[in-house]
């Protein structure tokens, strides 16, 4: 079989490392093209994989496995299922766009190299089936991000990068301890040291141990997502990153956290996930409301997106811990959607910044009349983010709320307020930036063809997924079902409700 | 315990122990390096006497030859060569005052640890693992041990001596490297370093 | 004449121990080549032929390493044994460390090539001293008797005192050399006193005999033994810079020639830990309950102090000194845990650490050389814009630093992982979290250094400050681009100034840092197989 | 019957302590160095005493090695001091104040 | 194993008294000998210089030394103002005590029976015997050194620094030649050494160490000991022309007398030691009566010969220059004695380990000596290499990328007054 997954992980990694060693005579202007080229090839491979992916099958597909460090029981194993599938696709879509849309002129060689390595790390994190490998990849995302943020970021990028790094690394610290503890508990029970997710899923442990491990894992994922109250790094990081990195941060890396929750928390500690679900649910709901309120008060557009992201990630977590088929499927779908429209938002912000050198809502005004194309696309993306039916944001959010309502009614009720708030702050910001009359009547160039070309794929996805969610759901559902049935014995009861929603 | 100790032994021990202690205290308290060195010699001699008292004549002689004869002489030599025979006040004004209490604490810790932990039981090991000390003269026994059981460390000491010779040669050849202008720059950079770091 | 044999041959005839020349070959070749170097200088007198001397030294180290590997193969087939009257152990542990020492020595010598060229007339002596000192390290690593250990320690230390003082033309260097000397001597004295008390308590200095005695006897009063143990720990702790005894490290690391600093942080630390591990595992293995609490406190302090103090430094060498303290804490964790597998984990960490640290200091030394800075002061400011001036050097340093931070796909990560796994396996979860905390703190440090290389020069830094309110260094395409392009052309060839030997050394460490992580199993397996002779 | 070994050991411990104290407190480099020698001598006394108490020659062999080591250390140490302080008048550690702990 | 039979039976009052008597007798004898030695030296030198020498006090001026001593004793005792008083007063004693202590290990005869106790004719016969000589000779440096230093004056200080350097330098050679003796004796005890020299080769030639060892250790020992004693031609310590009077310039009165006494006591003692080590000590023909007396006579005669030789040397030889002195010590005597030691060791071992060992060690010794002499010549050449003119790196070091770019030739960092110059690339980056 064609090694899609290996290529997906190693192509950008090898390309990234090679770029580092390019001779300095290599003209600088070609680097960006090179980056786009590599990531586009990556996209093509990902697309081919999507075609190859068998629908209606729950487990991992295209599994490959090599013994890497037998002494530690570490293997190098890759596999994809419905949960990781669209996250990989998301990465493969967003990276070319981020690179293409990037405006970094300083040291393009290193920039491209880091971006490609970051892509490899992100894709790798989604694809690996071995806890050790996952941790490696999970960690590996930090380093490029750190450098991208501090070297190409805004003035305070360095500080934001340190904050980001310390927060997420601290989370990883717990993750690593948790992984090791789990492995040795498994070792104690079976006498077999392994890091394989599949093998570890059936580890027998006391409920206390399970809860502690669940917390250790969750902290890492909640920080990465981010979920209230671990989000404090994110506004700084989003606002100080270069646009391309912000796209990756908000669009892809945030999903690493939620992906980790499904993949590891649910599969490895199903009981603890259920018994401590209320805790995470509460955090998620608080995050939804808090993020929305804070976003409403925020005058810096990037920070606004960061807080809105907090709110939206809260929704996703809500969907996850609802422990219903529909909620979980919605959450997985929403991960994809959120990635798309967040990326689009950041791209637009970058374009605004390139023209006005500021993202402060109080200093921006009257763009709509000068740049109608931009305003139009912005409106569309914003509406998707608010969750307007027919656009992609709606499907996921609706399924999440529905799923949560089934199992955790009151949380869902509070969560709905987030939708309302998001409409408020988004429209408010839109109104300030685009509709107010600009007192100085400064000029504002509309989007160039190139910029439109950058945005078009995302717009298509926003609309397309909104209209045909089943293209995705049909691939997501079996895996979600498998996760749930592995995690719970009662999944059959909820299965029936899936039919109604899916057939909508 | 005292009853079984013979008089000459007791007298010798007390005299030598006192000399050793006085010498040691002298090294630590006397301001003048030369005086301190002399006090050190006194301690070394006293220890040599204690060696003889315990039947280690060879080591006593070597102790005097190596320590008193070579080491302290080298000390004195260096003191005179450098012309640093100035008095040093024990507590210079700018001295770091924490050193004294720390030092005291450290020493008291060692002594208390030893005296309390041991509870009077000082030696718990088995008798004669390597070779028994043999009567009046143990030089042959010592030599035998050095050339059999401890052959390897004995040979290794030769490496140590090579290192020492090499080191001494290297260290004493240093100032050749500087031309006058380098020297000038060096001083300048010294001053700069002080500004940067001091 | 009759008298002679009456004296010497009276009593039992002297039974000389069987000398296993194969076992001491790694040390012997180093010593032999050191002497050869000096003889060559005396007889040929060409002191400026640095490549020749370096080649001799590297050849010796290589031979020693290869022979050690051969020995380790031998051990794995025929089993470990003690040789030469039980004073040396030939086991997986000792051969592991000998190979490690050879690698460290090779790197040191290669890096030193540029340095000894600069030192001029005293260059060959440096090579000889490095070889001798490494032979001391090897002696320490395979010592099976406390006295042998002590002699090895002193051979190592005394040559090192000289190497540290090799260029004392600057005040800082003088000071650090002396500080190192006095404190090193102090540590040796502590170790010796510990040796003496241990001898008194057990009746032997041989590790196996001590262990045998302790396993057979229950001491009525273990005070002397405990005191001896603590003093030995303190003495060796000084050498490897564990926390209450670490205060000399930053000064000495900063003041010493960077080449020597690399050597100290790599080979010397490895030797110290080898001694520490062997003494505590073999001789005091039965007293585990007594030393574990002490080690727990020390390792936690070492981990945290190393990491925290490193972050507040300004000079790169000082930072790395503190970070090496942090690493020492990790290695000690393996000893503290003292499970069957933790020894191998500690060894793996040591190996990784030695490689990374030697490499890092090699690059720092290269930078100081290339930039025309003094050896002692490479501050973060100096590193600014390094990636522009010397892209390859900067990249190497970045990789090595990231490896030290524990970045994935480097041996640094695997090392931390393996020690942590030992800690967790023994159910010390809190300790594991503390260790990871220190990693997080230390990582910030490494990233800071790396970042400063990749950020603009200090001039540009000023610009950033003025435009802070304006946020981005972006977009006004034309002018900036042209400027950058011009700058690049002038600096494109700057990397060509790298001394060949040092370049090879750095490449070697880089290759091992990455290569041994990608194909991790051989080294992991090797470290796990490096068991102690008991 | 000669004096019990524990007396010697206590004396040696005291000497060791005094030497250590001296190193920590004194600022004159040469005197610090002398204190180091004092400590080594205390160790020697300990070893010889144990050698007698245990009726085992190993302790004396140890002293033998310590003497060699001490000699080597002094040679290098004094060489160091001479090379450092050549042409200076004052040999106190307080002169060395750039590096603080 | 030689041990004084006196002490074997346990210690009681009689033994203690006997030991004290032995000490006192030895001291008295030594003092008298020293007195005579001073006279002897002056007389002999006078003779050699065609003078008469002391002839007023006593028969042949024999009491001249006593008279001088009494005169010095009554002179004013001056302590210089700048001196370190305690050390100044201590130094003379440090000079004289080792001189006497060395004498205690010299066996001057066989055994003697007194009051039922059998004892050796030597003050003490410790098992480490000859090491005491080394110990004491190394202690005797202190007297000279501290005397010079404590005077608080430049010339004495220079004298004492010279003295200590000289004494340390020659001690090594001396020790190595003693080791040769120990090697053939198999014991450190002086009595054992003497005993091992009894007998003869082929019944004719005495079985003395000077012959057993080949003459070389003796020559080395002789030269080294002369230097240790600071006697001519190695008396740079008290070179009047250069140093006014050496380390004892500031001394007067009885303290000066003590130094003087120490020097002559050392001369006598060392003559006795040479006899003990190389000339069989009290060994000699024994005409079968007065068994206890003959050894003493032989001993005294031999010692007298060496005492004469010392005086002769003083009269005959000019003083060495300081660098010559050091060269001789380090570059000739030490390698020579090392090499010879190897040869002797080879001879000893070859009896057990076969002839090949001897050959190997002789070869080794030859190589060793050769290496030293090569080192001697090239060391100078090496140091000229590091002279500033030649240090300028004329060589271009090969670097990465040398072939490709003309700009890539980086000359090694040079430090110039203008700043740090880095060859032909980038002279300044704005922060030199």
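The letters A, B, C, D and E name the chains in turn, as written, and every chain counts its residues from 1.
Note that in this section a residue touches a chain if its C-beta (ideal position, glycine included) is under 8 Å from a C-beta of that chain, and two chains touch if they have at least 3 such contacts.
Because the structure is predicted, anything quoted here is derived from the model rather than measured.
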Practice task
Moving only from a chain to one it touches, give the least number of moves from chain C to chain D.
Solution key: 1
Fill in the blank from the handout: Chain with Cα centroid nearest the overall Cα mean is chain C
Handout entry: Two chains joined by the most C-beta pairs in contact, as defined above
Key = B-D
Fill in the blank from the handout: Looking at Cα centroids only, farthest away from chain A lies chain E
Problem - CA centroid of chain A to CA centroid of chain E, Å - result: 87
Problem - Approximate Å spacing (C-alpha centroids) for the pair chain B, chain D - result: 3
Problem - Separation of mean Cα positions, chain D and chain A [Å, integer] - result: 65
Handout entry: Inter-centroid spacing, chain B versus chain A (mean Cα positions, whole Å)
Key = 67
Completion exercise
chain B touches at least 2 other chains through residues 58, 62, 70, 74, 81, 114, 120, 122-123, 125-130, 149-150, 153, 157, 160, 163-164, 167, 171, 173-174, 176-177, 193-194, 197
Handout entry: Residue list for chain E, restricted to those that touch at least two other chains
Key = 1, 383, 386, 391
Practice task
Would you mind writing out the residues of chain B in touch with chain E in their complex?
Solution key: 8, 32, 34-35, 38, 41, 57-58, 60-62, 64-65, 68-70, 73-74, 76-77, 80-81, 85, 136-137, 139, 173, 176-177, 179, 181-182, 184-185
Fill in the blank from the handout: In their shared complex, chain C is touched by residues of chain B numbered 113-114, 116-130, 140, 144, 147-153, 156-157, 159-160, 162-164, 166-167, 169-171, 173-174, 176-178, 186, 189-190, 193-194, 196-197
Problem - chain D - residues contacting chain C, complex - result: 9, 16, 19-20, 23, 29, 32-33, 36, 39-40, 42-43, 46-47, 49-50, 53-54, 56, 58-59, 61-62, 65-66, 69, 72-73, 76-77, 79-81, 83-84, 93, 96, 98-99, 101
Problem - Residues of chain C touching chain D in the complex - result: 147, 150-151, 154, 158, 161-162, 165, 168, 171-172, 174-179, 181-182, 185-186, 188-189, 192-193, 195-197, 199-200, 203-205, 247, 250-251, 254-255
Fill in the blank from the handout: Listed in rising order, chain A residues that touch chain C in their complex are 20, 24-25, 28, 68-72, 74, 103-107, 110, 132, 135-137, 139-140, 143, 146-147, 150-151, 154-156, 158, 161-162, 165-166, 169-170, 173-174, 176-177, 180-181, 183-184, 187, 353-354, 357-358
